[in-house]
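Next, two complexes with chain A in common: one pairs it with chain B, the other with chain C.
And now, the complex of A and B:
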């Protein structure tokens, strides 16, 4: 009954489920604590970023596939929702799910050219893919509004509930629901046999292939799985903001989300969620600093990456291990050493 | 005559700028094995430094080497602060992407704070215009078209004919063996970054004498340089140079026939197709690994 030390996803199912439910309850209580619209807005943005970042962790952290087009999948979700609701007149809820499916299809498409590639070349192609998508959206300005973006996109509805005048109460819970569904989905994947295969390909590709794992199928699954909730998050973002802008393809958003993934610590899923919270709240707290805000954020990212290569998750884990170690030393008789 | 002259000229001019940028990227990649996303910012900062030196009254012939040397120093410094400490980490490629991106954001916003958002311009290398084959061109552009191959040839000679250049290539080929024969590998890492930054600065000064400068002026050249190195193969110096001119011509032709709007999309489509057929690049005979 030894557990590999430091291997993520090795807590028992029950422990993790309890932790997840507890986390969800705490988050669900937040809007009763913060009743002002601004705080709730910040939290909604945290949840959206957390979905995007944690899904990126699946391909980047677990899969080792440097998909730099991840934000393009988010952008595809934004524009798919805008086009489907505004031009095709689709029901917002149907469009939300459809946007996730569109993003998944795009992810499968981008997997084809990177099947033969590794490392830096994947970065370059996926980066190119993101630029290609952006250029196409810009050039089809009759539908997408080009650089002007799309405005007055229909929002989501909830029976007869007034979504606009409830202090963002309903949107908060919808965003939380999205994050909960996405996190559950990701954790189930990474703990399953599929997840083990994804990690095996990352750690030792030749050996994994020799043991019968299909690189092609597994890479497609990895990217497709990371795309669905990312696209949904994009659609949700569009529904929440009621507009779509080409900025979602910009370098600055990609840098922030990527730093959430790396700052949180890769291959944990939870790390990315925690880092989304920390970075977003941090950025909001520094709103008064104006132009200095991006400078301070960049410095923070560099310092953390240099000092804590495993990110915040590594920091928390190290702190936990130290505390647990101290407790164990304090009561040596209570826990006889296990063998085997 | 007009069309072909325009495409030829435009291709040579753009190709020269892309070559200067791409060579620096490739040099850092081959030597250290990381991708420097602050390369575009190097270009921008070089141009702004030159503008600043000119503003305090120094003449252009003094400013040019001064700005280039200053940028080389900044490149070295950046390498020492955000790249060198990470060497040896298993996920170095990824972490360096984020640290250089963060450094780029830092420098970009710093420049914005320091020099303000108003566009600036550097005087051209040579004043005046002329007409070649029915196309009006500035002497500044001609100067760039002539100077760039000389600089690239000098770089090639340095890498192939001098001890220091050979040492740099040795590190690129086998780091452990380089350490064994007593090469100062960390210093050579710094040198690769310094040369790359100097070349980027030169490209920035060239561009600043032709277009208005802004803190984000390096973003597009960096993107193009990325395409160039992918297209030409990243593990050599000559591949990206050929590819730079090829992409320059492609862009000029596409601008002429399909218009400015579709050119980037076409370019990226070509890039993705290239990688599907020849992942190692067009001008590389074979590569040891693609990792």
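And now, the complex of A and C:
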């Protein structure tokens, strides 16, 4: 006879699902709160960054694979969508999914040379991969536009709804849907036996192999799983902006997204999403500070990381634990004293 | 036919011959001890038998008649050959229960969630890590608890043979006593055990057969009492008596 044990020491799926639904409802209410187009644009960018950052957390945080080519997967999604819709004439929705598949295939390809590598060497190879992809795009300027990029890329559609003149209402919900699907996918993975295997391999490679985990298979799964929604986010970005630029391969965007992963706290998924929101909104609020903006943002990151090395997720966990402790201590005091 | 047959295996690192033509056989159900001074090649022998992190330069390793040298470490584990490591090792980012689940699902190839969970829970309780510790992070455990957890993850694989690399290292005397009891109980489950230890009393209390290595070669082999009485073994451990002046 078997007896279900569940996940001792972890939040149950039921608890997590309640949190996810509540979070989704709050986010879905935002466009009714922020009715101006610019605020909605910022939120759409938050969702796109959140997808990219949280997927990077899977390979970097959970997997411990220093994949510095993650943003190249985003860039591949951007250009795959542009080429598939504009040159091949593929339906935008099909191109969106196909871009995720192309990014996944690219991730599998980059896994091969890094299978036996560790640490700094993985950074070197994956960084080289990003540069290689960029050079290929630049060299094929007849199709990709080279340094000029691609313009007038077809956007997404929703039946007869006018996506251009709805105050970014539809794009907001599509971006939110993408983030929700990506987050659900990531959480299902990290809570599964595959997720446990990914963490085991990160924690101790030789011990994990001694317990039957295949390094090749597991590393490939890690990078492929982190690539699909990253590629789709790239495609969505191209559809939303209606252009593709080589800037997506630059260090600037990579640094911002990496900051989101680290500030949020690795191996949480949710931390990267929260940090995407915090950093993007903070950067917008600091817009008037000009050149001081990145300096202030960097200082904020340093202060948070010094105080809470586990990032914003650690900060929230500590706050939650302190509140729960206070409530527990207050409960007996509130109880009426027994007499007799 | 022996469960584990190791024939003329060798491993060199540059000019250093860490293991040099070692052969031995382990019968099903027995506890086979391997002793030797530091640097004698004991752990390297475990590495090349299990393929983790490397296989032998030459020689053959057979598990129940099937040649396993050249196979990947995880494939060897799935065939039923589990090992532990000299240092207490755990997946620190996972809970105690998740650690054991890794053994059941990957090494033990159990697909069904409920069955894997039952096997993991049973293995943990078997080594003395009861339900209250299931939700603790493995990184928070004491050295002894982590050693027990490492055994639990191996037991959850339901291996045919278990290679234990110095299970008594870093443990206190009562913990060593507890380890001896635990290893006996693992053997009583029908799991064949190969045990490395340089504490001879530990080996003597458990092993049915003993092999002593020195400088990567077999120095002596046989019944434990006979082996430790061998003058070459005494010399390897204690050195030669200086002639009186």
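The rule is simple: the second predicted complex is superposed on the first by the 321 of 340 C-alpha atoms of A that agree within 3 Å, B and C clash if a C-alpha of one lies under 4 Å from a C-alpha of the other, contacts with A are read in each partner's own complex, and residues count from 1 in each chain.
By our rule, a contact is a pair of C-beta atoms (placed from the backbone, for glycine too) under 8 Å apart; a residue touches a chain by one contact, two chains touch by 3 or more.
Source: prediction; values computed, not measured.
Visitor: Looking at A:214 after the superposition, I want to know if it touches chain B, chain C, both of them or none. Which is it: first, second, both, neither?
Guide: A:214 sits against chain C, while chain B stays out of touch.
Visitor: Check the residue A:309 against both partner chains and state whether it touches chain B (first), chain C (second), both, or neither.
Guide: first
Visitor: Identify the partner contact of A:206: answer first if only chain B is touched, second if only chain C is, both if each is, neither if none is.
Guide: second
Visitor: Quick one: is A:193 in contact with chain B, with chain C, with both, or with neither? Answer first, second, both or neither.
Guide: second
Visitor: Could you look at A:66 and tell me whether it touches chain B, chain C, both or neither (first, second, both, neither)?
Guide: First partner only, chain B.
Visitor: Which of the two partners, first being chain B and second being chain C, lies in contact with A:291: first, second, both, or neither?
Guide: First partner only, chain B.
Visitor: Mind working out whether A:267 is in touch with chain B, chain C, both or neither, as first, second, both or neither?
Guide: A:267 sits against chain C, while chain B stays out of touch.
Visitor: Where on chain A do the contacts with chain B and the contacts with chain C coincide?
Guide: Correct list for chain A: none, the interfaces share no residue.
Visitor: Under the touch definition given earlier, write down the residues of chain A that touch chain B in their complex.
Guide: These residues of chain A touch chain B: 60, 66, 112-114, 116-121, 123-125, 127-129, 131-132, 135-136, 138-139, 251-252, 255, 258-259, 262, 266, 291-292, 294-295, 297-299, 301-302, 305-306, 309.
Visitor: Which of the residues in chain C end up touching chain A in this complex?
Guide: 50, 52-53, 72-75, 77-78, 82-83, 85, 89-99, 101-103, 105-109, 112-118, 120-121, 131, 134-137, 150, 153-154, 157
Visitor: Of all residues in chain A, which touch chain C in the complex?
Guide: Residues in contact with chain C: 2-10, 193, 196-197, 199-200, 202-204, 206-215, 267.
Visitor: In their complex, what parts of chain B are in touch with chain A?
Guide: Counting only chain B, the residues touching chain A are 29, 35, 81-82, 85-86, 89, 91, 93-95, 97-99, 101-103, 105-106, 109-110, 112-113, 219, 223, 226-227, 229-230, 234, 261-262, 264-265, 268-269, 271-272, 275-276, 279, 289-291.
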